[in-house]
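In the two complexes below, chain A is the common chain; its partner is chain B in one and chain C in the other.
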Partner chain A sequence: MSEPILRARGLRKAFGRTEALRGVSVEIQPGEIVAVTGPSGSGKSTLLLTLAGILRPESGEVLYDGASLADLGEDARTKLRRRQFGVLLQFGHLVPELTAVQNVALPLLLEKHDRAASRRSALGWLERLGVDGLADVLPGEMSGGEMQRVALARALVTGPRVLFADEPTGALDTVSGDEVLTVLLAEAKQAGSTVLVVTHDNRVAARADREIVLRDGAVDDTWGAA
Partner chain B sequence: MIRLAGTLVRAAGWPRTLLLAACTAVVTALLLVVIAYAELPAQPDEWLMSVVYDTGTRGGAAGGALVLALPPLVLLHQVVRFGTSARERRLAALRLAGATPREVRRLGAIEVGIPSAAGALLGVLLFWLLRAVAGGIRHDDVRTPSMYAQQVHRFVGNVHLVPVTVAPPWWSYVAVVVGVSLLGVAVGLFATRAVVATPLGLVRRGRRAAPRPWGLVVIVLAIVFATSYTSAAWYDRMSDDEDQIFGVALVAMALVGLMSLAPWLAWLTGRVAAARASSVAVVLGARRLVHDPRPAGRAAAGAGGIGLVAGGWAVFVADVSGDSGGYAGPLALVALMLLAALLVVVGSLAVHSVEQVVDRRPSIAALAAMGTPRSVVTASQRWELGLVAVPIATIGALAGALFLASVEWEPGMGVAIVAAPVVTGLLVWLAVVIAVGLVSPATRHVTDVAHLRAE
Partner chain C sequence: MSVAHVLMGVLADGPAHGYDLKREHDDRFPAAKPLPYGQVYATIGRLERDGLVEPVETTRDGGPEKTTYALTDQGRKELDDWLAETEPAGPYVADELVRKVVTALHLGADAAGFLGRQRAVHLAHMRELTAQQDAAPDVDSGVVIDHALFHLDADLRWLEAAAARVTHRKDRV
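Moving on to the complex of A and B:
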């Protein structure tokens, strides 16, 4: 087995008196598609945001390619997320004033890419995800599924090595959710990206290579043992 | 209903309540000063600064006081808009609890009206404080100034601006307090006119059309009147009083034109910048202006007024530079007033900026999560404000300078006409930087990716 791309050791994270993570340790292999499941309040999103370097754990560490994220300053973590990671959230959270193509081009412009080249690249991703007709449409005029596809294009446009998706189909109807998930998995497979997807949906979990079940802030080792 | 509105006022937070009260207090005090000027006889029984003492310039001083009241009024509107999301949630919760749309609107108005009325009452005290601190000296006053008065005098120097031998009639106090309170209520209704109360939350009415440059029409009319001022046959037949009223009316027209032009200018500069920019900060700031230019335009409108007065001031300074002795006091006073107005504009810009980031919390937090540095978000706030505040101030300064130069051209005015817009633009950019710096804790809080979502 190859070296894990992400490794978490003994992660602990609390919000006030609520302990969201209680000593979680996981390993993610390159190219793996991993679903993180569990009941509400089990710490799924907290684990995802901590692995992505968005939240800092109180104790324990996250290693990306063998290097500890704790050793990185805020600027370095920001650049790491921009260049190596893609983040997809439940409601897309597109910038409401920007059109679809402008939203997708944002990460490229942040990397100081040429304006025209960024637009071309963004248009290419919109086309791949079947929403090129919405290039000049504002998020407020899109359906939930369309918004999520545009958000997926924004997450993938930099060619991330790891895609973190937090309930990517949670706000969508069954048909739209299936469509978004199919596109997400197909594009990730094609790009060789590692995918970590937090979900409540058993159908999403069933399409992953592996499932990590959390319960009360800890990995449920008993799941699937029977 | 009043008790419920009081609860809403407390829920809105003390900073908003205090800012609302402060705005109406300043407006009330300034209006009472204007009324006191109107009560002064041609030969006052007190020593006042020449700009107030002389009947020839008293109208201009009254106009200046009215102009000074404009930035607090703009700030009042901004403060009402402050925390709009939370306010809408509160009002929507009332709808769910069974309040009718009419009751919700009334509550929204009272919620703003209570602090406005309290501020208007405090404004009366502020007026009397101004009388004590910057009042005239009675001709028959031979008392030795108290230690306190001496201390105050060391700070304010020879500022004798508020008449003490006359006072506004009692009914004018009532009229001003009631009028300013109602103005606060009206601003409250104006600020929520774009939303419709529903039991599921307040829903904004559909996308609004881009603003139109109607302000240009008013400015052009002011220029036409100003040009005809010296050439028209009726100019010679005007009395001093009519002359002053005409001048103040022209300045008021130019001010109203400039300030109502601000939203259109915000939309225009945003559009031009967004079409050419490749920097993320500029794109974000400019697109916000294109998407909804009115809030930023209103926040920056005061900068246009400051520019107009500053432009005229600079040309006047150039005109009397050889003989500034008699004008030094009034000119320094106008400069101080401009500085005070600029501080109010800083407040207005800061309130707008914090409202923008709070309203866009999810998308800004998502931007941070995908690797957007906080410095880019902060720079986008500066661009959003700067793209409207700097042009409107520069245009205002140029208009003010040309306006005064057109009345009576002197060769030395050329430098002032060029320098005034440049310096004003730079000062307003500095105001933008300070405003965004003031709200940086709020921006830091909003861009904290830890707020994204956590179970």
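Moving on to the complex of A and C:
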């Protein structure tokens, strides 16, 4: 087995008196599609955001390609998140004042890419995800499935090595959810990206290579992980 | 599922003999048990007796007799009525999983362990069906696989809820 792309050791994270993560250790191999499942409040989203370097653990560490995220400065961590990681949340969180193509181009513009090239790249991704017809449409005029496709284009536009998705189909009906997920996994597989997807939907978990089950902030190895 | 009505539905497309009926049934419901020939002929016999299908041709090309059946007008009406009618949601029927867990709980056996292992089996089957769904060639197959997937999902949710209750009970003890 190759070196893990992500490795977490003894992660602990609390919000006030609530311990969200109580010593979580996991390893993710490059190219793996991993579902993070478990009951509500079991720490799934906290684990995802901590692995993505968005939340900082109180103790324990996250290693990306063998290097500790904690050892990187804030700038380096931000760059890493923008260049190597893609994030997709349940409700897409598109910027409501920007059109689809502007939303998708945003991560490139933040990285000071050329404006025209960013737009071209964004249009290319919208086309791949079958929503190029919406390029100049504002999020408020899109359906949930369309918004999620645009958000997925935005998460993929930088060519991330790891895609972190938190309940990406949670707000969609079954058929739209299936479509978004099929596109997400097909694109990730083609690019060889690693995918971590938090879900409470068994049908999403069934599409992953492997499942990490969390219960009360800890990994539960006993619970039917297949 | 009423096999008789499914076979009548096949005949609504045009006359067919027993072998065609069996093959078409098995094609339409790949997740169901293949239909035994005996059941096909017994069902057709009953439908003929009730005037819902009728023989239209019997051939014998050197082999055994083959009778082709067609749907009668009365059969078509029965089929349309069946299609329009809803089914009762039905009383709860304990299946093997529930029987096993309840028995394990009564005996003090490892119900939680069983639930976890069973979940792995269910999830593995869900993976297979999901792969089939992705490769489904048409809407019919997609609809049939969805039905199986959602039933599996219901079982999985039950397994999760049951495990949570079993664990909670252990904590309280």
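Simple rule for what comes next: the second predicted complex is superposed on the first by the 224 of 226 C-alpha atoms of A that agree within 3 Å, B and C clash if a C-alpha of one lies under 4 Å from a C-alpha of the other, contacts with A are read in each partner's own complex, and residues count from 1 in each chain.
In this text, a residue touches a chain if its C-beta (ideal position, glycine included) is under 8 Å from a C-beta of that chain, and two chains touch if they have at least 3 such contacts.
The structure presented is a predicted model; accordingly, all values stated were derived computationally and were not measured.
Comparing chain B with chain C, the partner in contact with more residues of chain A is B. Of the two partner chains, neither chain B nor chain C is touched by A:Gln148. Of the two partner chains placed by the overlay, neither chain B nor chain C lies in contact with A:Ser176. When the two structures are aligned on the shared chain, A:Thr194 is found in touch with neither chain B nor chain C. Contacts from chain A toward chain B in the complex involve residues 15, 20, 40-46, 49, 52, 54-55, 75, 78-83, 85-87, 89-98, 102, 106-107, 109-110, 114-115, 118, 138, 140, 154-155, 166. Only residues 207, 277-280, 283-284, 287-288, 290-292, 360, 362-363, 365-373, 376, 449-450, 452-455 of chain B touch chain A when the two sit together in their complex.
Per the touch definition, chain A reaches chain C in the complex via residues 39, 174, 178, 182, 202-203, 205-207, 211, 222-226.
Residue ranges of chain C in contact with chain A, taken from their complex: 112-113, 115-120, 122-124, 126-127, 129-130, 133-134, 146, 149, 152-153, 156-157, 159-160, 163-164.
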